[in-house]
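Below you'll find a set of structures to go through.
Here come two complexes built around chain A, the first alongside chain B, the second alongside chain C.
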Partner chain A sequence: VNERVMGMPLTGRRVTLERLRGRHLAALYRLTHAEPTIHEWPLYGRHFASPDQLGPYLETLSHLQFVIRQRDTGEVIGLVQGLDEDLRSKTIGIGVVLAPELWRSGWPLEALLVFVDYLFRARGFRKLYFHMLASTLDRVGSVTSWWLTPECVYRRHVLVQDRYEDVHILGLHRRDWDPHNHPLLRQLLSPPG
Partner chain B sequence: VTRLLVKGATVTIDDFVDHVAREMSAELPAVIVPDALLADDLGLDSIHVLELILVIESLAGGDDPPGEYPTLVTLADAYGYYIRCLSDRVG
Partner chain C sequence: MTSSTSPTPSAPTASAPDDPVPFLRPVGRDDAEWILPITGHWAASHDWSPRGFTASPLFVDAVIALAQTTDDARTYFAVGCDGGGRPVGLFQAVTVDPISATGELHVLIDDRRAATVRKLLAQFLRRAFPHCDLRKLHLRMADRFDATTYLEQPGPVAGRLTAHDRAGRDRYDDLLVYELWREEAP
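Coming up: the complex of A and B.
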């Protein structure tokens, strides 16, 4: 299913975004409750007994959220969410969870770029925020050399596996997001057909 | 290095490494061996790996990526993926 939302196809080369629905919850439950994802967003230390309990919780976090599906198999491999939307300031936070076994694969991050493009171009947001644990930043730290700008750091802010980690707040302004002027983004966000 | 060359390839692994080092936003070590681990030896994170995949597909000249979901661990894996992109294009 190549879903169009507000006229935009939410599709990359290898992933597609699809509105979160009840049928996705079993797969998302496995993803979010697996080691080591369970220690990170979006559960914040919570543990739900069943997928049915996870759904209402995710709904309270965001009304703008999509599961990430692998295009060839349709398998649910993650979730992207818009968090703490501020319509007055046109800002929103971004949450991403991916299947742990795919963290180093690179290609699933297409989903993040497709989502960012959608938020800027279709939803008209002015600025996006990413909250990243220090350990997450180790895995995707090069985003700061692409577009993201460090905004601030919450020191020893989140308890992760018995120790407190810093949380880095990174920002992305719409004026710094121009897929047409970035050859790799142009390649990624304009799939043929 | 020779064992990695595939008949019909237009770019050798040495040229491939040079191209990747030139095109990637990451600063790579001056000397790179094919068995270098992308994460541990070259310091590439998952965003870099996505960038590497796009650089490879662009180098292979295809607008449409092959129907593959690559798992790249070493630079040799990356070169192998490049060769498969070429084959896919020709095929």
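Coming up: the complex of A and C.
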């Protein structure tokens, strides 16, 4: 299913975003409760007894969330969330969950870029934020450095496996979002087919 | 590691009415009468919990109802009053993560009586940290404000959120994020 939301097709070349529904919860439950994702966003070590309990928790975090589905297999591979939206200043944070086996793959970035494009163009947000564990930033920093700006470091902020990790806040202004003049972004965001 | 169990409730206790020093007291149903008018002004509601929503009376009632749940370790609320007993502001420790023992400090200040905020905020921090069993609170403040007006000991600045907060038409303030650590609380 290639959904259109607010008039935009939320589809890239290899992934599509779908509004979170009850039928997605079993897959998201497996994904978020596996090692090592359970220690990262959005659970940060919490454990729910069943997928039915995960749904309300995700809903308390965000009313703007989509699962990431791989187009060729139909598999749910992650979740993107809009967090802590500020309607006056038109800012919003972004949370991302991705299957661990894909963390070193480049192509799932496409889902994030589709979501960013949707927030800027369809929802009119002016600035976006990404909260990232220091260990995650170490892992994916090369992917973020060319389009996100470091703005803040929350020191010893999140308890991850019995030690406190820093959380980095990276920002992106709409004025700096110009995918159609960036070859890689243009390629990733080009419509399928 | 910090505990995530609920600490003993510690509702703010009011001083005697003729006490000349600023004091904290619990939030009451009648507080809607002073909260509602100031939420109509952007400057006062700067970075308050609704984050850009226009606060309806029902919303304010809901905040007050939450504030009166004093046995909930995930929040801590108090009204700060000047020496004459007039409300100065609503102080909130919210968005508490009990696992990591962190939270956010939100304040709603009546600018006409802001002179006593620093003392009140210090009192609030002394109570909020143990009540919610927190290690750290974050406070976001526009960089045009002098942090020492509000904080006796401004903690380290975690960073600057550039052009974040709408301050007028096509005008946005940077926000400074302060980290307020429990061991450094006044």
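Here are a few things to note about the model shown:
The rule is simple: the second predicted complex is superposed on the first by the 189 of 193 C-alpha atoms of A that agree within 3 Å, B and C clash if a C-alpha of one lies under 4 Å from a C-alpha of the other, contacts with A are read in each partner's own complex, and residues count from 1 in each chain.
The rule we apply is simple: contacts are C-beta pairs under 8 Å (C-beta built on N, C-alpha and C of every residue); 3 or more make two chains touch, one makes a residue touch a chain.
The structure presented is a predicted model; accordingly, all values stated were derived computationally and were not measured.
On the superposed chain A, the positions of chain B and chain C stay apart, so the two partners fit side by side. In the superposed model, A:110 lies in contact with chain B only, and not with chain C. Once the two complexes are laid over each other on the shared chain, residue contacts for A:53 go to neither chain B nor chain C.
In the superposition on chain A, contact is made by A:14 with chain B only, not with chain C.
Contacts of A:161 after superposition: neither chain B nor chain C is touched.
When the two structures are aligned on the shared chain, A:90 is found in touch with chain C, with no touch to chain B.
Of the two partner chains placed by superposition, only chain B is touched by A:140; chain C is not. For the three-chain overlay built from the shared chain A, the minimum Cα spacing from chain B to chain C equals 24 Å. Touching of chain A by both chain B and chain C, each in its own complex, is seen for no residue at all. Of all residues in chain C, those touching chain A in their complex are 1, 42, 51-53, 97, 99-102, 135-136, 138, 156, 158-166, 172, 177, 179. Against chain C, the residues of chain A that register as touching in their complex are 44-46, 84-91, 127, 129, 149-159, 162, 164, 169, 171, 173. The residues of chain B lying in touch with chain A in their complex are 25-26, 39, 44-55, 57-58, 63-65, 67, 69-72. Of all the residues in chain A, the ones that touch chain B in their complex are 13-14, 70, 72, 103-107, 109-110, 138-143, 145-146, 183-184, 187-188, 192.
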